[in-house]
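Residue numbering begins at 1 within each chain, and the chains themselves are lettered A, B, C and D in the order written.
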Amino acid sequence: MEDYEAQEVEFWAKLEEEGMSRSSMLRRSVAAAAGLTVLGSASTALGMSKMRAAAPTHMTQDAFKQLVVDAKKEGHLNTIALPPDWANYAEALHDFPRKYGIGITNDNPDGSSAQENQAIVSLKGDKRAPDAVDVGVSFAISGTNQGLYAPYFNLNYKTIPRALKNTHGYWMGDYWGAVSIGYNKSLVPNPPKTFKDLMKPEYKGKVAINGSPLTSNSAIAVVIATAIANGGSVSDVGPGIDFWAEMKKNGNYIPVGTTSQTVASGQTPISLDWDYNNYAYVTEFPAASWGFTIPSDGVYGGYYAQAINATAPHPNAARLWEEFLYSDQGQIIWLKGGAHPARFADLVARKVIPAAVLAKLPSAAIYNKVKFASLAQQTAAKNLIAQQWPTKVGS
Amino acid sequence: MADESRFVTLASNAAAPQALRPDVTSGRRRLPLAWLATVPFFAYTIAFLFLPAGSVLIGAFQDNENKATFANIRLLFHHPYIDAYRTSIEISLVTAVLGAVFGLLIAYAAIRDGTPKFIRSGLTTFAGVAANFGGIPLAFAWIATLGPLGVVTTWLRRAGWDPTEHGFQLFSKTGVELVYMYFQLPLMILVIAPAIDGLRKEWREAASNLGAKQWQFWRYVGIPVLMPSLLGAVILLFGNAFAAYATAYSLTSGTVNIVPVLIGAYYTGNVLDNPHLAQALAFGMFVVLAVMMLLYIPLQRRAARWAK
Amino acid sequence: MAPSAYLWLGLAAIYFILPLYATLAFSLKKNVAGAPCCTLANYSWVIHNSDFWHTIKVSFVLAIETIVISLILFVPTIYWVHLKLPRLRPVIAFLALIPFVVPPIVMVVGLLRVFQGTPHWFYGEPWGFLAAAYVILAFPYMFFSLDAGFRAIDVHTLTEASQSLGASWPTTLVKVILPNIRAAALAGSFLALAIVMGEFTIANLAAFHTFPIFLQYVNESAGFPAGALTLLSFMITWAAMGSLLLVGRRRGGRGAMIAGTR
Amino acid sequence: MTYLRLENLHRDFGTVKALNGINIDVGEGEFLSLLGPSGCGKTTALRLVAGFDRPNAGRIIVDGKDVTNVSPNKRDMGMVFQAYSLFPNMTARQNVEFGLRIRGKHRSERGSKAGDLLELVGLGHAGDRFPHQLSGGMQQRVALARALAIEPRVLLLDEPLSALDAKVRVQLREEIRRIQLELGITTLYVTHDQEEALAISDHVAVMYGGVIEQMGSPAEMYTTPATPFVAEFIGTMNRLEARVVDPATGEVEHAGLRLHVDAARQRSAGERVLVLIRPESLEIQAAGGDANGGVDGNVFRGEVITQTFLGPVTRVKVVGGELALTADMSTARAAALPIGSSVVARVPSGDLRLLSLPEDGMASVGVDPDAE
């Protein structure tokens, strides 16, 4: 095996270099702690080992037809933890079967990355095991280290930015997003523009985060973003924790975890979350008259990654699914959900994005300031938060 | 009489202390064949109760390479874990004791002679449902009630009294305790009802006949007679609150730092992946409950020394 | 009647009803800015949601399975203990308290650890893994219910009478004992039903899609219909509890009515 | 010298009149029993006196003071309940001390008084036992001691012996009487057991349907029952519905059988009467050759149907024609009259009691004294 850690360090170094403007992450944060699970009915069982042996690693235009044939022979696809209302996954889950006549069982639509990797391990050899997963980057790396994934280079692998993919094909970034402030326009007539604004007395009892930083990646991202806004950095999240401790003390922070219900009912008038989540609320809840902004004082981003189960029960269908997601069609499906797809730059360059889709997205300028954290930085942030959040922010 | 709702007292069941009492008469006995009939039951409990519980306990003493270690256990005595235990125990104790006191009052008010029968039936069925209510739905119900923009908060604010101005915060320890009472009180009502049925009218009348006022009856007879059941109920309520998880989590995002939330975070979270620490935390919960049982048994025995 | 009794009942009513009222008020709202009350659209959403019916069905079937396994496992055992091994009764009563002190989150961690790698029909299906865990969760309620039932009848006399008439052990159990503890068995069964219909932690961490998971999921993701679903699930549980009470009343039986899953 | 007076007490439960205007006077130091079948209102009356219930009308007067609206804990009445009234969480001694503790008496005073009372009821050795460690009889003794400890103005006993074994019942009732006499305490005693009431009371009030049927000494109640109900309820009685045939000779007629009854001489011819014959006043002989006349010509022939052994006395049922009579005779003599033997029964005309019956009224009140 390779030294993935070295590879990973290299990856993050590249990422910093490139400034990684237009990209980062996408929705798919978390309702993780209270995640969801569907064990739907099992799919068709096929001779897995044989299929696996036959499944290709490098895709070519010529081989694609055969892939479609083989995938159809398998007849089914198991996905896991794809929330239909996130990143427009509903459309993908609808279009793929229509296009290829292969049914999808989407388990545990609200599951966490940890649960996805767990499922690969615990359901190994089972016809219900997930064929492909969509996990946080740190989990993609640890999954690769555990040998959970099969390498696969899809047809569009080349146009995925270098920084967003594993050079050995074990995983590749799928979509990214940035931390944003969502607000209820009727309850917050004068919405905050920066993270520092949140401290104003007029927002007393109004500011919530999507989840707990102890269990939710998006909540951790929120803490890191506010750290950046308060003199800290991706490698120094202390100021972020102190910021929320202060918010708690002055009563602005209400520590209830944001759910769509609290947004819809107006109980969380201001919610800090990924841009694609807040983007979704705008259309989802007219009653809440939702709006959102990406504060300029702490533009912090994150992304998720696709990987194929090394012991997938439907290896060819899994590969076909990846081809679908990374095709122009699949990438635009994500973009329609407010999530910036990995091949965003390529799509822009080739002008294949419908103008109506682009018009709904926040201005591209703000994304140029986006910062990312390396895995080591993230781990350090998590550990510090785990240590300090309950005592400093807690009562 | 107490016909329709002869609920079995779980807490007041004398079984627990009995079970723990060493059986002095047992001596050495042949293992009769009659035991064989209980094999399926014990096999089942071993497989699905003792093995899982045991595996957690063992995992608490292992590191990530499955080598024996006390490191996880030692960690429990540091921040923020020790604080989590403190908060968990405090919330559980407060809601268990208050739940027991007010649950008793409500149950007695509903059961006593003179209260219409339908109130009792209505209350007990409701309690059956509410005792199962929890998680995000319960949290949201309370946010919609007493959150910063809740129904009641709005009423109070309109009436000129803003609870948040007076230090009330639903998303605080006090708030969590208030919300926990929503399932603690019903549990208490269910558990204590049979014990209240067991209070004989003759005792109240005899006391009154002998000159006792209402409170003197309760002080000298009612409460002492109920005490074994009350103690059992407090233990049950303590365990109930101690293990509760989803409600506090969705209400406070870990700012009210309780042990089950940490276990959830370490075992399953997206963020922190340290199952052995989670197991150590679970082991700690087990120890806390065991200590509670150890405190409870002598108290119970003292309170019930007059009983058969 | 003493005014203080009404005072306490009144305070309790306020405490218990207000949050339900707040939920109801929200569940009747329209998803349109500034729209006035009221709409039943959210209830309609729930009723027309196929996942709602699917998960209700899963949980219900799971509940039935849990009940059947519990009865098959516990009735003969408790019968036997009452008949032949009375000294074992306190031991089992103590065991029955253990599920109370092992938090579900601990239980599930252990169960997943122990049974990982077992065949798919068990580990991968709710009918295997989850049902097995729920039987343990239902154990205290089943035990205390059935135990009370067995204490209320004269096990020895019934058994001796039956056997003196030539009945075998199984015949005695099914034809004589079971009808006499029917009420207790039903009471325990409804409690098990309430538990299974409400259990979240184990199903969630073991990744099974049951009704409580759906409830939680909708609460997190669907906004307006969540309140409606919450109240509907409250009503469903209430109906189950009401039938428990009716059964208890009709049969003059006793039943434990406690369940605890949150 | 009335000490306790129940004056025109009414108590309704919905449409049921549990008490319909009862008047009872109990003299100081007197032992009065309220006797009647269940549902007759006797317990209701006692609970009114204790103060657990309030009358719809009427007054309760103790020692000249109206206590009708005094709450039970201020009435100073000691009550002994049917059963299970001991506080289970207190020892026998603590139970006895309870009333004194409430009255703020000093520990040492309580202790010595409770000790004396436990001695008095014969439980000096059992003071430290909890109720569940005492037999039913012992529990009732403790309950009695507890009631006496507060030196009550009136002692109330609500069927205190009904839950006990027959032997204990007799033993304890004698002790209750002994202690009552010793302390000279005014006592109201409720029971459904006529034998018990007759055995220990100074006076007995028989209640039925919320009213008092008759009140008097035990002997009066037995020998001169004033109503058919009392006649039926107290002791065993042969009852014959009859019509007066000849007031001059005192002759009455029942289903063809003619009897001479002294008490019928003041009656008018054709009046409906109830003839009452105590079993012990019937004289039974084997049907021999000289079965003639008899004392007053009151002769009845029949066959022994059953014999019930009651110890020194045997109860014999004799049936002849439509008539069945119950007679008590010495067991020794009954041995000579096995079942199936033909017998002659005689009864002296002076031993027969007569009660008027309304022309179309009920002949029997249908009371089963063992019905409780």
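One rule holds in what follows: a residue touches a chain if its C-beta (ideal position, glycine included) is under 8 Å from a C-beta of that chain, and two chains touch if they have at least 3 such contacts.
The structure presented is a predicted model; accordingly, all values stated were derived computationally and were not measured.
Shared contacts of subunit A and subunit B, meaning chains that touch the two of them, come down to C.
Comparing mean CA positions across the assembly, the chain most remote from subunit A is D. Spacing of subunit C relative to subunit D, judged by their CA centroids, is 56 angstrom. With centres taken as mean Cα positions, subunit C sits 37 Å from subunit A.
Mean C-alpha position of subunit A lies 91 Å from that of subunit D.
None of the residues of subunit D touches two or more other chains. Contact of a single residue of subunit A with at least two other chains is seen at positions 34-35, 115, 259, 261, 265.
In subunit B, the residues touching two or more other chains are 135-136, 140, 144, 150, 246, 264, 268. Interchain contacts (touch definition given at top) occur between A-B, A-C, B-C, B-D. Contact residues on subunit B toward subunit D in their complex (touch as defined above): 200, 202-203, 205-213, 216, 220-221, 224-225, 227, 306-308. Subunit D meets subunit B in the complex at residues 50-52, 71-79, 81-91, 98-99, 101-103, 130-132, 143, 146-147, 150, 156. Against subunit B, the residues of subunit C that register as touching in their complex are 1-2, 4-6, 8-9, 12, 15-16, 18-23, 25-26, 73-74, 76-77, 80-81, 84-85, 87-107, 109-111, 113-114, 132-133, 135-136, 139-140, 144-145, 147-148, 194-195, 197-198, 200-201, 205, 212, 215-216, 219-220, 226-227, 229-230, 233-234, 237-238, 241-242, 244-245, 248-249, 252-262. On subunit B, the positions that touch subunit A within their shared complex are 79-80, 83-84, 87, 135-136, 139-140, 143-144, 147-150, 164, 169-173, 246, 249-257, 261-262, 264-265, 268-273. Within the complex, the subunit A residues that touch subunit B are 30, 32-35, 112-115, 136, 139, 142, 187, 204-206, 209, 211-217, 219-220, 248, 251, 254-257, 259, 261-262, 265-267, 269, 382, 386-391, 393-395.
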